Amino acid sequence: MTEIERAIEAALFAAEEPLGVEELARFLGDAPHDKVRQGLEALSDHYATRGLRVVERGRRWHFETAPELAHFLRRERQQVRSLSRAATEVLAIVAYHEPVSRAEIESIRGVQTSGGTLDVLMEAGWIRIAGRRDVPGRPTIYATTPEFLDHFGLASRRDLPGIAELRATGLLDPVEEAFDALMGADDGREEILGEGDERGGPHAS
Amino acid sequence: MTEIERAIEAALFAAEEPLGVEELARFLGDAPHDKVRQGLEALSDHYATRGLRVVERGRRWHFETAPELAHFLRRERQQVRSLSRAATEVLAIVAYHEPVSRAEIESIRGVQTSGGTLDVLMEAGWIRIAGRRDVPGRPTIYATTPEFLDHFGLASRRDLPGIAELRATGLLDPVEEAFDALMGADDGREEILGEGDERGGPHAS
Amino acid sequence: MSADRLPFAGEDPAGEGQEDAGTEDGALYLELDGWEGPLDLLLDLARRQKVDLRQISILALVDQYLDYIEHAEALKLELAADYLVMAAWLAYLKSSLLLPREEQEEPSAEELALRLQLRLQRLGAMREAAARLMACDRIGRDVFLRGAPEGLRIERKTLWKCDQYALIGAYGRVKARTAPAVHMVRERPVMTLESALDRVSAMLGVTLDWMELREFLPAHAEPRLRRSALASSFVAALELARLGRAELQQDETFGALRLRRVRR
């Protein structure tokens, strides 16, 4: 390895941008251009089979990693996360009502649904875009995927419990009623005020 | 050149920070650590005479340019912060004696050390707080960081210039210890010297 | 003074705050020749003897130091004070060294001198180590890292988790939330104001005597109805008083409330 090759190698490595022959020559104390070019060729040959490459791009040279090693340089890290309450609701609505548009989902949920929620469900692979509804505005409609059935252990969408079953299991009870049921009947024991004579209000005898 | 060497070469080249054997192994799909280590040694040998080096600094590895090419590359990029004389002395004392308390640093230098000097070194990322000495007052103790080794081109603290000789000649031992040794192991008469209570025994590691 | 402890340079301003600023241009250290404090100064003087620190003559060192102090009147005051403390200590050390051995007190001058020598050696060693450390191949000065590393990428992939129960439960929740709400008010044992008004005025019509409010309540009502009746009857009594059809009397706060019909 010649001195000029070593210097070129170091300069290409330390440079923040690709370097042309002229720039390199100036770096190396006005080395002759053909010497620089020879050095670059020699380096390019040396690195041809290594993890790095010395390559020319638009008359400027730089180091890069060998393209077939790209997969080593990107590591995947898996992370298990529970679906948010909102996303679970949207998923359930898509499952029960598919195909369904976002506006329909919102009207069933009674709240606005962020696009991010649908994205999460698509990223999870549980819903997909199933075309467009043939109404004004042609909204996108969503449906569940085979992976969805798979993940939730359902043979088909028909396995989802019907409204009648949901009601029987109490899953359709209005919240207030279910709450009252849990808190016990109204039997007056929880009245805050006791009897008038015990307490002596202004009108008590 | 083995496949693993190529992958290590590419990973070290692309990384923004020095990489340890464990990290590299994880990037390479949980490669065995000894294979990674072998690969690093092979690369280090390959590059030993080139314009770049593959070097170990505090158990982490990175690429850097060969020091003798500095004159080509220095040009307009002087990025090294210049340290005051006090800071260089404090840094040396921490490096050669670590872990060491401020009182110990001061006792070696014979002058008070401003907190600012330690701050400058901590801001540079070269020293860190390494806990507290288990003596009355529980003084904070300081030690060097992997970045310190990195910056000064040291593979480990063993590579600190002259540390072996300093240790062999007892120049890293506290004065009192050296004094006792010279005076023939006196039995605590120089407890009056007062430094015994400040320091938790020999601080050279 | 404690004879065995070397005086330190004083406050930081005199010590190194200035040095950070002044080392390079030499503004402050020019006159001090790079010296920072007593120990530093001694080390420098010792080095000028151009001998191994282990073999320096403490006596010669002391002479040089005292000589230096004499000529350094222009020193900064704080520094000078420190130097003088050191000078006093060294003068003491010198006299001890010159005195016959028998007359010396403990610790002996030799011991003090040895300790001073050991300290100077250690400081000298660190000075040298610092210089060698700074001469290492430093990143950004002697060696350079890659100019524009693309970095290793870690791509996070999320594995979403949800189960059937949560899914169906969520649908139930949505349905329940958006189902048309039907509100049912259960029948409660109350006496309305209207019926209390009727009842109180009817009972007042029977007598001209004072009656306690309590006597207007239905006698065998269950407790909750009784409470409701009490409240309604009280409001009814107020209403009748307002209309001028009844008068109210209460002797004391919280006392029994009585009412009777107003004669017309």
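Assorted remarks:
Read from first to last, the chains carry the letters A, B and C; within each, the first residue is number 1.
Note that contacts are C-beta pairs under 8 Å (C-beta built on N, C-alpha and C of every residue); 3 or more make two chains touch, one makes a residue touch a chain.
Given the structure is predicted, the values throughout are model-derived calculations rather than measurements.
Taking the mean of each chain's C-alpha atoms, the chain closest to the overall C-alpha centroid is C. Each chain gets a centre from the mean of its Cα atoms; the one farthest from the centre of chain B is A.
The geometric centre of chain A is 42 Å away from that of chain B, both derived from CA atoms.
Chain B and chain C, compared by their mean Cα positions, are separated by 32 Å.
Per-chain Cα centroids separate chain A from chain C by 38 Å. Across the assembly, chain C contributes residues 144-146, 150, 152 that each touch 2 or more other chains.
Contact of a single residue of chain B with at least two other chains is seen at positions 11, 13-14, 27, 63, 65-66, 73. Remark: chain A residues 1, 5-11, 13-14, 27-29, 49-52, 63, 65-66, 69, 72-73, 75 touch chain B in the complex.
Contacts from chain A toward chain C in the complex involve residues 10, 13-17, 65, 73-83, 85, 87-89, 91-93, 95-96, 108-110, 120, 123-124, 126, 151-154, 160-161, 163, 166, 169, 171-175, 178, 186, 188, 191, 193, 195-196, 200-205.
The residues of chain C lying in touch with chain A in their complex are 144-148, 150, 152-164, 166-179, 181, 186, 212-214, 223-224, 226-227, 230, 234, 253-254, 256-257. Listing the residues of chain C that touch chain B in their complex gives 2, 4-6, 8-12, 15-17, 19-20, 23-24, 34, 36-40, 106-107, 111, 114-115, 118-119, 121-123, 125-146, 149-152.
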